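Dumping the structure here so I can ask a few things about it.
For clarity, chains are labelled A, B and C in written order, and residue numbers in each chain start from 1.
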Amino acid sequence: MTEVAEAAGTRRRTGRERTRLTAWLQEYGVYAGVVVLLLFNTVFTEHFLSAENFRTQAVQVAPILIVALGMALAIGSEGIDLSVGSVMALSTSLVALYLGYGPWVALLVAVVGGAAVGLVNGSLIAHIGVQPIVATLALMVGGRGLALVLLPQLEDVRDPGMRALGSGDLLGVPYPALVAVVLVLLVGFTVRRTTFGRQLLAIGDSRPAARLAGLPVRRVLICVYVCSGVLAAVAGFLATARLQASDPTSLGTLMELSAITAVVVGGTPLSGGRVRVGGTVAGAVLIQLLTATLIKHDLPPSWTQLAQAVVIVVAVYAARERGKR
Amino acid sequence: MPATGALDVPEVPDTAQALSVHGLTKRFPGVLALDAVDFGVQAGEVHALIGENGAGKSTLIKVLTGVYQPDEGEVRHQGTPVAFGTPLAAQRAGISTIYQEVNLVPLMSVARNLHLGREPLGRFGLIDFSRMHREAAETLRAYGVHADVRGPLGELGVGAQQMVALARAVSFEARVVIMDEPTSSLEPREVETLFGVIRRLRDEGVAVVYVSHRLDELYAVCDTVTVLRDGRRVHTGPLAELERLRLVALMLGREMGEVRAEGTTKFGGEHEAASQEPVLRAEGLSVPHQLHGVSFSVRPGEVVGLGGLLGSGRTETVKAVAGALQASAGRVTVAGVPLRGGSPAAAIRAGVSLLPEDRKAEGIVPGLSVRENIALAMLPRLSRAGLVSEARIDALVGTFMERLRIKASSPRQKAGELSGGNQQKVLLARWLATEPKVLLLDEPTRGIDVGAKAEVQRLVDELAANGLGVVLISSDLEELIEGSDRVVVLRDGAVVGELAGDEVTEGALMEAIAAAAVQGPGDPAGREEAPRD
Amino acid sequence: MSTVNTAVSGFARRHGALLALALTVVVASLSFDSFATGDNLENVAVSSAFLAIVALGMTFVIVSGGIDLSVGSVFALGGVLAAWGSRHGPLVALALPLVVCGLIGLVNGLLIARARLAPFIVTLAAMLGARGIMLNITDEGADTFLVAKDSLFADLGRGKLLGLGFPVWITLALFVLGGVLLRRTRFGQNVYAVGGNEDAASLMGTSVARTKVSVYVLSGLLAGLAGALNAAWLTSGVTILGQGMELEAISAVVIGGTLLTGGTGFVSGSLVGVLLLKVIQNVINQIGSLDSAYQQVVSGAFLVLVVVLRVRPVRRARAATGGGRRRSPSPG
């Protein structure tokens, strides 16, 4: 048996040497992509290098990034969370309903809602043993339904506090971007320095080993999905503030796609055991820049979708070697 | 020099060889897995292929079955040079392989598994299920399998599944059947059935290559033997003429005198712990279908071996003690305190740590670093308010890497990149870091190199000397006897005997196991058997 | 005890969806006069037909252990292509979507089977890609191609036989063929084997890659065909269709008793699953005061229920052999 394993090990090693380029691509490709797009736009796009433009890009990328952080945790635990878009919709519905009590109460309610969805996801996965993709799929279907039941149609948000949050800034940095930065640091710190982070990675890498090592597998998994739900709810809150409207029909549709793309492009393997927070940030920025580039050069939105499709496939292809452990 | 054992190969004309390799060399980076090996099996011959771990058996089989391509040399089938690109190509040419693990589809019915790929077709080219079921039932009867062929394969016992795999392989008009440790999950009675089938195949002119570590089986069923060591063939010849001890000497590459001497060296001293209260007491542990009221106790400083055949419930016993397997009845007390919770976490808190049998799947977290692997079970204790203290981890890891002499390029090297022996030491470090009262060791030296093996054995001895209670499981009879102060013998998930003090000898243990084995229940349907050990 | 449990869950597994469907139909007939009318039932049947065809392809994919998230987009693309092609006659109207959507399935299959990428990510990309293509040929959704109402192609969608629309008959025929293909042919056995234990299937001589590619091509073809038929029925290639359809199809397949882990399942269940979803939708529409959003809530809840009911017995079956060494995440 060992002999076989060793042989397999050596085979893997040659595979790795052969694909040094793809390994490099997986590790740093996303940063290279961001730099290339920045350079391209600096040279070829008018008004790209303006503070205003950067502010716009930052505000737009913030919700994707925040959702992607939660997704990165889920993927790191060898799972996935497809319900994030619906949680955003649920969040916007709750915000609209509770805004009467002030934005902070609304935020709190939205976050509790997101946590509740995460709790259901996590319990289904950790206690009942449902595959993550199925459990979160069910919540994806049901969550948006619930959002629409709570708030059947678009509603304008006319709260001065929300308006300030959506369009204001601190020292030139828009609030949504600021929140995103804080959350990035928080999640990065959690993954690197906390017990929870270490346990999460061990569970994602080898669940039986983690269980036998006495790790609280179920609790950690539930926490992961609660985190993902809370982050998606915050993203929904920020998106509502920016759009000045609650639109549970369309808010967050395909968000799970963008988030997964950001995470995967950022080099976090789908097979779990690793969470790359920096890569996820770069992945989200890359997608945002790609979209912006295509739009600024008058290419229709359909091109954005095609480009995103290609980027996903390339990213996963590059990550392939690592995924096959 | 035994390496020239090639000389005692009876020169057989090429055409009589059903399958042969000539000057076969296979390299992996840094490893010469096979070095100019000649090997051949004739029609109507059962040929044993043996060797220690790393001898090159698996590589040879993989070349024969088209999984690997040779670097040098050639494979000949019925005398004609062939190059099997895939296992499928080899199978089509009439070379079937039975793997250690059952390679069938558990959710599909028995009949469908048996016939997959050549289902009998009826009208309109559609599958004729009634014919398929009839034929399947008929075929399987010859293999002692009387299960419902319409039911899912997964509901059969592992032994019966293996028989289905064998029936499938043979019914492919196989001219060569390669069996890679086929008995590792079989009951003794099933082994007998298997041997019957093998003899029948031989009489029908099929060439059989039989790989096993169990010498009894080899002598029972094989005609010829080839011994590999370090990628080279060291002996080929009729098995009956080869004395057992000489066979072992060939495998180990030692002189017979050494082997005999080895038999008396001890790695474990006998520990006097007679009068102390047990640190671990298991009473009436039961797990449905797996354990039936297992009781034993371990005193501080004592090494208690669990003896028994594969599938006797040894692994299940330690897993149940460690909370990794849910016990339906019975209780475990650690130093007089009942263990509650039924989870590995609760057991670890109570001071019971399990070194699992399957190091790769259940022990090591391959993507994490050595230091993180060592600290894994201790994380909460090395943290304050949920924040990990790097300094405390470094101190802990430093101590254990030095104490256990773990060889890694740095504590930050990925554990998955270490050798088997070092991985095992990392796991031992993980468990010792939790300061256990009782250490459960399930096959602690399996698959690790000789040097590391000796170190692990010495460590176990040392730990016991320091007052730790140790439960030891080992398929290596010698290790079990030398290492244990007392051996509890299991069979079919129940305790059937206990040896202590001077009784702990190879002969007595074999007798205890064998005596119990005689009265095994006979259940032809191959019911859900006490799991793979 | 456990045998009774197994028997009950076994029955629930095979016929639970059918029981639920029967119950829903009975309750709905008693509660709403407008439910059990010929018009309404025909409406349910036709609106089920398109989803059912998509779900049929999805059943093959899921039994093979994969998933196809691109079907919604491919459905929409198929409709647009058919409507555009209908100007050049019914043959082009049918062939164009089949060829293009089959090709998308082929690309999916090759990336999954040959390049060994995760099915859900590949088909996720295909979902974006197919919608991108569709938007591109319709000037970002601004153009809607129409099918001439009196054309032969429109008849395919709107014609009736024995009071039921052609799409319903086509769907039934496809399900019969699909059932035979999955249960009674060697290809079908291979699909089960690949989904049940890929490594073993490969060692047993099944061409795993070819089987996988085939199921994705089949799924692409059926989604495209469903889109084309839908366009014929609506007499236009509506660009906003198909969003969330992959979820509906997956829900229907799972509710119908096919395991998402692969290796087991049956096509008739998927048909029942589709009907159940559509009847619930119809009932919710009948209750005027209820928003259609409740349908999603009910589907989601149903999905959870089915999955929870099914998880345990299968884990036991797999645990018995340790077979099916797949890399899909499964906690425990």
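In this section, contacts are C-beta pairs under 8 Å (C-beta built on N, C-alpha and C of every residue); 3 or more make two chains touch, one makes a residue touch a chain.
Please read all numbers here as calculations on a predicted model, not as lab measurements.
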Among line, ring, star, complete and other, the chain touch graph is complete
A student comparing A-B to A-C should find more C-beta pairs in contact for A-C
Rounded to the nearest Å, the gap between Cα centres of chain A and chain B is 43
CA centroids of chain A and chain C: separation to the nearest Å works out as 28
Chain C partner, complex, touching residues on chain A are 78-80, 124-126, 128-135, 137-149, 152, 207, 217, 221, 253, 257, 260, 264, 270-272, 300-306, 308-310, 312-313, 316-317, 320, 323-324
The residues of chain B that touch chain A in their complex are 28-31, 33, 53-59, 322, 324, 343-345, 347-349, 354, 356, 358, 360-368, 372, 375-377, 379-380, 383, 386-388, 416, 420, 430, 447-448
So, in the complex, the side of chain B touching chain C is made of residues 87-88, 91-92, 97, 99, 101-108, 112-113, 116-117, 119, 121, 125-127, 129, 152-156, 158, 161, 168, 528, 532
The answer for chain C against chain B in the complex is residues 180, 184-186, 189-190, 192-193, 196-197, 199-206, 263-264, 314, 317-318, 320-324
Residue set of chain A touching chain B in the complex reads 1-7, 10-11, 13-14, 193-199, 201-202, 205-206, 208-216, 273-274, 325
